[in-house]
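Next up: some structures, all given as C-alpha cells.
Below are two complexes that have chain A in common, paired first with chain B and then with chain C.
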Partner chain A sequence: MTYIAKPKLHHPALTPNGLGYLRRDYEGSVSTLCAGCGHDSISAAIIQAAYELDLPPHRVAKLSGIGCSSKTPDYFLGNSHGFNTVHGRMPSVTTGANLANRELIYLGVSGDGDSASIGLGQFAHAIRRGVNMTYIVENNGVYGLTKGQFSATSDRGSKSKKGVVNHDAAIDMVGLALQLGATFVARSFSGDKAQLVPLIKAALRHPGPAFIDTLSPCVQFNNHAGSTKSYDYVREHNEAVNRLDVIADRKPIEVDYEPGTTISVTQHDGSVLALHKLSDHYDPTDRIAAMAYLGERQAAGEIVTGLLYVDPEPGDLHGALGTTDRPLNSLSDAELVPGQAALDRINAGLR
Partner chain B sequence: MTAPLAAVNDFVVKFANVNGSGSASANSMFAKAVLRMGVPVAVRNIFPSNIQGLPTWFEVRVTEAGHLGRRGGVDMMVAMNPQTWDRDVAEIEPGGYLFYDSTKPMPASKFRDDITVVGVPLTAICNAAYTVARERQLFKNIIYVGALASLLGIEIAVIEQLLAEQFEGREKLIKANFDALHMGRDWVKDNMAPLGLQVRRADAVGDRIFIEGNQAAGLGAVYGGATVCAWYPITPSTSLAEAFTSYCQELRVDPESGKANFAIVQAEDEIASIGMVIGAGWNGARAFTATSGPGVSLMTEFIGLSYFAEIPAVIFDVQRGGPSTGMPTRTQQADLIGAAYASHGDTKHPMLLPMDPGECFTFAAQAFDLADRLQTTVFVMLDLDMGMNEWLVEPLKWDESRRMDRGKVMTYEELEAGRDFGRYLDVDGDGIPFRTYPGVHPTRGGYFTRGTSRNPYARYSEEGSVYVDNVQRLLRKFETAKTLVPAPVLTRASQPTREGVIYYGSTGPAMHEALGLFEGQGRRLDALRIRAFPFSSEVDEFLASHDRIFVVEQNRDAQLRTLLMAENGGDPDRLVPVLHFDGTPITARFIVSAITQMMDATQPPGSRPLREAAE
Partner chain C sequence: MQPTRTEGPDYYHKVVDCQWACPAHTPVPEYIRLIADGRYDDAYMINWKSNVFPGVLGRTCDRPCEPACRRGRVEEEPVAICRLKRVAADNKQDVGPLMPPVAAKRNGKRVALVGAGPASLTVARDLAPLGYELVLFDGEPRSGGMIRSQIPRFRLPEEVIDEEVGYVTRLGGVELRLGQRIESLKGLLSEGFDAVFVGSGAPRGRDLDIPGRKEAAANVHIGIDWLSSVSFGHIEKIGRRVIVLGGGNTAMDCCRTSRRLGGEEVKVVVRSGFEEMKASPWEKEDAIHEDIPILNFRVPKAFTHENGRLTGVTFEIVRAEYDDKGRRNLVPSGEPDEHHECDDVLVAVGQENAFPWIERDIGLEFDRWDMPQVDPVTFESTRKGVFFGGDAAFGPKNIIWAVAHGHDAAVSIHRHCMGEDVHDRPPPGFSLVSQKMGIHEWSYDNDISLEQRHRVPMLDKAEALKNVRVEVELGFDSRLGYAEAQRCLNCDVQTVFTDNLCIECDACVDICPVDCITFTEDGEEADLRQRLKAPALNLDQDLLVSGALATGRVMVKDEDVCLHCGLCAERCPTGAWDMQRFTLEMTHADQMGGAA
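On to the complex of A and B.
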C-alpha cells in the first residue's frame, strides 16, 4: 500500500478562487445520506475539484439516475441546474442535454446498480457514442437505496450483510469503459481524496467521455467482513498506479515527488496532467496495455486505482455528427425554419 | 354473363406483386401518370413484414370525384403473383378485369366466367428482349405499365415524362425504359382493344401534391424548429425520422461552415430515444422521437417524468396493428388510450390527431410550440395508412410571420432584475409555470429537476398538501391545453339533425365520402372531426346537442369513445361505436353499411320507446 504526501492547500474554504467564488459557493443542500457514506466524500471531492478549477457553477449541468448515489447532485453545486432522472437512464438524458447545448460541462453521477445493473446498456452506449461528459459511478457493490441487495458490480464470492454469498460474476465497469472507447478512464476510492480530486478535475477538463469508477463504501449495507467493497477491504487491496496533478492554465499545485518519475500529458484544452508513476512501466496512454495490466492485477486480487487511460486528443459525439459550434438551443427561427420559398420547391417536386 | 364494367375516371386497380421484385416504383409511376392527367388517385400499399419474397399489393383508386379514402372492391386485378392468384382472382368485382402474364397457359378452372381476362405474354416479350435476369425482372414491370396504359387510355407521353424526370441525366437508362414501355404498349395495340375502364384527361387535381404522412411530418418537424431527433427503427415510423434526416441535410446545413443545425441519433432503443429527447428538451432544444406502439410502451416511465417534471417532448406515434407485435405492417388507431395515459400514476398527455399528410405537416410543427408552451410530452398520432402511403393534399404552406413559441422561459434579464422564480409556481393561473434553461444565470434560476414531489420552488417535499396542490395545478394546465390544441372541425348536415358522427385521423377521407352518400340517401348526420386530445368545449357542445352519435374508429375497443366518456362525460348510451380493425384502411362502404344498419335497426336513445322492465 502506498501513502503519498497530501498537496499543500492554503485554507481553501476561505480563499476565493479565480472567479472570486469561495468553496462554499460550490456546495449544495445538506446531505441526507447515512453518516460515513462514501458518496458524501465524493460530493466533497466534486466541490473541491470545481472550486479548484474555477468552474462557473452555473455552467455545469449535473445529472443522475436513481439511488443514494444519484441523490448526491442535490448536495453539491447548488447553483448548477440538476436533473435527477429515472433509474439507469442518466446517460441518455445527458446525451440529449449535451446535444442541446455543447457549451455546458456535463457531470453525470450514478451508482453501480444504476449503471451496471438496470442501466448497463445506456452506460455502454453513451460511452461508445463519445458523449463529452464526466461520468462518475459511486460504486458500493449494493443497492443502497433499496436496502442492500447485490448489484452487478458485486464480486463473486463476496458476502452480503445477511451472509448470502454472491454467485454471479461481477461487471468491471473500468474494463467495459476501456473496451467501449472512453477516452479517459480512472478508478479511485471515496476515502482517498488526494487521489480523487485531481482525477475529477482532469475528467472535467477532458473534452470527451471521461469515466471514473469510484469505490464508495455503503456503511449501512456493505461495510462488513466478507464484503469486497468495505473501507477496510478497499484500503488493503488498493494499488494506485499513479498520482495525478492537474495543472490548469493558471495555478499549478505544488507537490513534492521524487524527480524522474513524472510524465506529462497535455489535454486538448491546454490543461496538463502531471502523472507521477507509482508502478513501473505503466503507460496510461496505451489502451491495450492498460486492459492487459488491469486484467492481470485484478486476477491477483488487487484493486488498481489511478488514471488508467487517457487519450489527450479525443473526439466526441458533436464531432461525429458535425453539429454547429453554437448551442442548438440558441438557434433562431431564421436559422431553423426554412420558409415558404423552400416549401414551394418541395411542393413542386411532389406533383 | 355479367356485362364488363364500364367506367371513366372512377375505378380501382389493384396490383398483386411479390415483395422485392421492383414493382413498387412501376406501380407508383402508374398512379402518378393518372395524377398527371389531372385525375385524382388514392393509393394504398399493402405489404408484409419482410423484405423479399412475400406477397404485396398496391391499390390505385382512380377517382375524378376526389374520394381519397380506400373504396373497397377491385375492378381490375393486375395479378403478377402466382402465390396469391386464387384470392386475387376471387376479389375482382363481377364484370371486372383480370390482367395477367399469359406466357404460360393457365387451366380454365383458374379463371372466372363473370370477369374479362386480359392475358399479355409479359415473360415472353421480356425474354425475347433481355438476357440478364435482373433486367428481365425490372423491365417486365415497365412493360406491364405500358400495356396497362394502352388498355386504360393513359397517355404514354405522360409516363415518358415521368421516366425522364426519374432518371434525369441518365440518357441510356431513360431510353431503355422507354423501349420497355413501348413494348408493352405496342403488344396491346397490335392484339387488343381498350377496356371498359378508361382514364380520361381532366382538371381535378389542381396544384395538389402527392406526399406520405411520415415525410410531411418529418418536414413539419424541420419547420417546427426541432434540432434534436433520437429514434429507434420501427415500422411504420422509420421513414419519418429518415425524412427528417434528409430534409435537414437539404435545409439545415449551414452554408458557410458546412455544419449541421441539427443532431440526429439512432439510439440503442426507445428508452434511450425518449431519454435523449427529454434531456434535450430540459436543456432548451426542441426534440422529438418517432416510434410506434411497442416503442411507446417502452417509453412510458420517461413519459411520466416529462409529465411530472414538466419537460417538453414530442413523440410521433405512427400507429400499427397491435397488441404486441400485432400486425406490424397494417394500420390501426389503437394506441390512443395507451398514449393519452402513458405511464404510471395519474398522467395525461395532449395528442394531436392529423387527418392526412397536410395536417401531419402542420401538426408536426405545431406540436413543438405546444410542447414548449405546455412543458410536457405532446403526441402526434399518425397511422400506417397516412404515414406510409402517398396521399393527395393541398400544397404545404408556411406563414412567414410565424415565430416559434418557446413558452414561458425566464430570461437572464428577468432573473437579473430580481423577478421571482419558482419552477413550479403557477403565476398566471393557467397552471403553466416558468422554466429556465440550464446555465442562464450565475446565481439565479438554477433548480434541481426531479421526478419526485416538490414544492413550487422545486424543493423536495413529501407533504400531502404540497403534492396535491401540484397535481391539481397539472390538471389546470391540462384545461389550458384544451384552448391551445387544434379545435375540432364541424360539418353540418344539410338539415338540422339530432344525430351525428365523430371521427378522427385517417378515417377522414372515407368519412367525407360516406357523408356524401348519407346525404344522397336522405340521412342527416352532423359530423365532428376531432383533431386533438384533450377535447375542447366544441366537443362538449356536440355531445350535448345530439341524441345519438356514431363514433367511428379503427380499433377494437372504441378507444376515442372511452376517452369521450371518461374525460367529457359522454353518455355511453348515446355514443355508438362503429369499429373497423382488420388492419386494412377503413372505407366509405364499410361506414355507410354499418351506420345504415344501425340507423334502420334502432331509434336514437332520446326518441326510443321505453323498454318494459321484464326482470
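On to the complex of A and C.
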C-alpha cells in the first residue's frame, strides 16, 4: 500500500463538469491494493465515468462484498453512500436498498470469488429479479487475498503462479448473466479505459440490471505465463465486438464512423448508445445470437469484449412488484398507516 | 518522436527549474531539504559552494529561480527560495571548519583582480584553494563592491557582508589593496601578474540632461552615488519632499532610503507603465508598503529652480502605443504637463560601464558600444590573460550573475595560468541515485505540503523607518522556515522510466495527481502534446518519451507540473518507474586540480 495521501494539487487545466466538480472530486482514499492491481484502473474508470456523467455524488450508493475487489469502493466516489456488506451478499443488500429507495443510483462492486463462488446464488437472483443496478465484477481468476488459489472463473487448463494446472471448469459470468435475464451485459478489460469508461457510463444510465465482467489482472498472483487473466494474455486474445459512445440526452449525435457501421440504441432515459461495429454481423440487441456468438468465440480461445447485449426496453424489480414510486423514507405517516377503512378493504379482498 | 535522450546532464537538470534558472546553478531542492532537516550548516555550505554569498543573496538576490519554480505552476506562488537561503545563513553554527583549507603550498602564480565586488571575490574563492596569490584592488576603503556601496543597510546588514567577504579573504593567498583605484591597466599589466581579472562593475550612474539640471545641481543626486555615500556614512539627511526618477531596483532602494533619512513625502516617478518597471515586483511592493506612491507614464521635462535652489520637476504625461511589431512607444497624451514640488531629486535611470582606465592600445578590443569584447564562455578579452566578469563584462545585471561569471572566469584563469587552452573546459559532472528505501519509502519527504507561501515577518514600519541601518525584514524563524521548505516539490528527485520493465498496467496513470503520464500511440511532438491525458501546452517544458512498449505504444510524461511525489513509482509493480536524485557538479576551478 501507499503511505501518503494522493496530493490534492491537480493539473491546472482540469475542467469542472456540469455540477462544477473536477474529476479529482470523485476520488476516494488512496488504494491499499498491491501496486499494479487491475482493480485500481477500474476504480479510475468509475471515477472518470461518474465525472463525465455529472453524477451527484450524494445520489450514488456503492456496495460491495468482501475481497480485494470489494475493498475498492473506498477508493472512488469518496462522497457517496455505501459499505462493504457480507461476503457474497452484496446483491441481496443492494436489492434491499434499492427497494427502500429507488431514487439512488446503485453500483455494486464484486469479485470472482465474491460473485462466482460464495455469492453465486445471490448474483443469480439479483440478476433474474431485475434489480436496477450496475453490477461490476472485477475478475482476476484468483484468490489474491489468500495468496493465489484458483477461483471459480479460472479457465480449465490455466496455470497457477506455482505451475499447478487447474482441472475445474470455469464459470462464465457473462453467459450466466445473459441466461438469467440481465438487460445490459458487457465484458471489458481494466487495461483498456477507452472501452471500459463508456461501458460503465452506459451501465449507470441503464434502467435495469446491468452487468459488466471486467478482466482485471492480479499482478501479484495471476500475471504469469500460463495464466489466462494476465495483461499479456488478455491483450493478445481480446476481440472487441464494438466501440461505444454514450451520448447524453438532447445532444446532437456526432459519430464520424462510416455509415452502416454504427448501431444506435436509444435508452429509456433518452440517452443514446452509439455502437461502432468492429465485428461484422454482431447485433448487440439479439440475446440468443449473442449467446451463440460468445460460445463460438470462446471455443476459439478468444475473449470477446464490448457491449455484448442491451435491451432497449428493460424492466426492473419495482415494475414487476408494482411498488410505490417514491423512496420509503419520503412517505408520510398518513401514507404508511392508511387507516381502518383501507385495512378493511384489504381484508375483504383476502376473504 | 524519438525517445527522449536523458544520457547527458541537461535533460534532468532542466527539470529542476530553479537550478536551471539560477545562473550559478545552485542545487536549490538539495539545500531546501537540508533546511527542513535542520542541517543549516550543510545547507549553507551547498550554497556557499555554488554562490559564495548565501547570507547576502538570501536577502538581495534577484531570484531568477522563483519565477521558474514549478510550485508556481500548480498553485498560486513559488517557494520562497531566496528567503530560505537566508534561513540557512541565519541559523548556521560556525562554518569556519567546513571551509576549504589554506593551500598547502603556493603555486607561484599571481593574479590581479580589479574591483573587490562579487565577481572578483568569486574568482578569488575558486583560485585561492589552488595556491594562487590573489591581489584585489578597490578604489573604496571597504571590500564588497556594489554589495556594500549600493545595497542599503536596512536590507543587508554590514556584518553579513563582513562575514561572507571574510570567508573568501581567509582562504589564504588573498591580499586586499583597498583605497587603491587602478588608474591604468597598462600599468597593472606591467607589474608581472600571470593574469588580470576585471570585476569593476558598472560604476557610473546615468545622468539626466534636461533643463535646470545645472542650476539645481545641489539638490539633484545620482542614485548609485548617493546610495554609496549613505552606505559609507557621508550622507545622513535628505529633504522632506523627495522625487526619485527611475523604475529599477536602484530607484526602489533610493526611495526607501530617503524615507529613513527624513523624507516624508517620497514618490517614485517612472516613464513606463507600472507593470513594465524594471524593479522586481517584491521591491515595488516593499516601497508601496512604506507609503511611497509610484507614478507612471511621466517623462521628466525640466528641473524647476529659484535662486539656485531646486523647487520641483515638470513632467510630460505620456501613454504607451504599440506598433505592429509589438514595440512600445511613449507618445504625449495631450494632457497638460504636471509639476511636482520637491526638495531633492534622486536620479536612478540606469548605470553604465566606464573604462577610462583601460588604454586602447594594449590589444584589448572594444565594441561599438565602447564595451570590451569578452568571450561569453571563457570571459577572456581579446588580450590573452585579461578576463572580465560581473557587470564589467556585459553590463549591469546582478550579484548572482557576477558570481556565475566569476566561477567561469576562474576556470579560464586556471587553464591560462597552467598553460592550457581556456576553451578546453571539463563538462559538469552529474549523477542519478535511486531514492528508494523500502517498498513505499523514499529518502525524501514525498508528502506534498498544501500550505500557501509564507510571508517573511517584517519589523514594524514605524520602527523600520527610524533608522537606515536597522534590517527591515526579520527573516523566517526556524519554524516558518521548515513550513516553507516543505512546500518545495523536490524536483531534483527525478521520475526515471525504464521501458523494458513496463507491463502497461496503467497504475501510474491512475495515481498521478496531476495527469502527467499518458500511454498512447507514438507521433510527432506537436501532435503528441495535444493527445495527452492533460494536453502539454507549456512548450518550455519537455516531454519524456519512452521507446516502443509491448503494445507498440509509448509512455509520454509531461514534465510541466509533475509534483515529484513519487506515487507513479510507488504504484509501479515492476520498478519501471524509479525516483532518482539528480546531482549536478558544476565545473569550478578549485575542483579541477592540476595545480600546486
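Just so we're on the same page, the second predicted complex is superposed on the first by the 313 of 351 C-alpha atoms of A that agree within 3 Å, B and C clash if a C-alpha of one lies under 4 Å from a C-alpha of the other, contacts with A are read in each partner's own complex, and residues count from 1 in each chain.
In this section, a residue touches a chain if its C-beta (ideal position, glycine included) is under 8 Å from a C-beta of that chain, and two chains touch if they have at least 3 such contacts.
Keep in mind that what you see is a predicted model, and the values were worked out from it rather than measured.
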*Of the two partner chains, chain B (first) and chain C (second), which one does A:D74 touch, if any: first, second, both, or neither?*
first
*Now for A:M291: first (chain B), second (chain C), both, or neither, which partner does it touch?*
neither
_First (chain B), second (chain C), both or neither touched by A:A194_ = neither
*Once the structures are superposed on A, label A:L22 by its partner contacts, choosing first (chain B), second (chain C), both or neither.*
neither
_Partner chain in contact with A:S43 - chain B first, chain C second, else both or neither_ = second
*Counting only touches as set out at the top, which of chain B and chain C does A:N223 meet: first, second, both, neither?*
second
_For the overlaid complexes, name the partner, chain B or chain C, with more touching residues on chain A._
B
*Mind working out whether A:L278 is in touch with chain B, chain C, both or neither, as first, second, both or neither?*
neither
*Which chain B residues qualify as touching chain A in the complex?*
35-36, 207-211, 219, 222-223, 225, 227-228, 230, 251-252, 254, 257-265, 267-269, 271-285, 287, 301-302, 305, 395-398, 400, 402-404, 436-443, 446-452, 460
*Would you tell me which residues of chain C are touching chain A in their complex?*
73-75, 440-441, 446-448, 450, 503-507, 509-511, 513-516, 534-535, 537, 550-551, 561, 563, 565, 567, 570-574
*asked:* Using the touch definition from the top, list the residues of chain A that touch chain B in their complex.
replied: 56-59, 61, 63, 73-74, 78-86, 89, 91-101, 103-104, 121-122, 125, 129, 317-318, 321-325, 328-331, 333, 335-340, 342-344, 346-347, 350-351
*Which positions of chain A touch chain C when the two form their complex?*
1-14, 24, 30-31, 34-38, 40-41, 43-44, 190-191, 193, 217, 219-220, 223, 231-232, 235
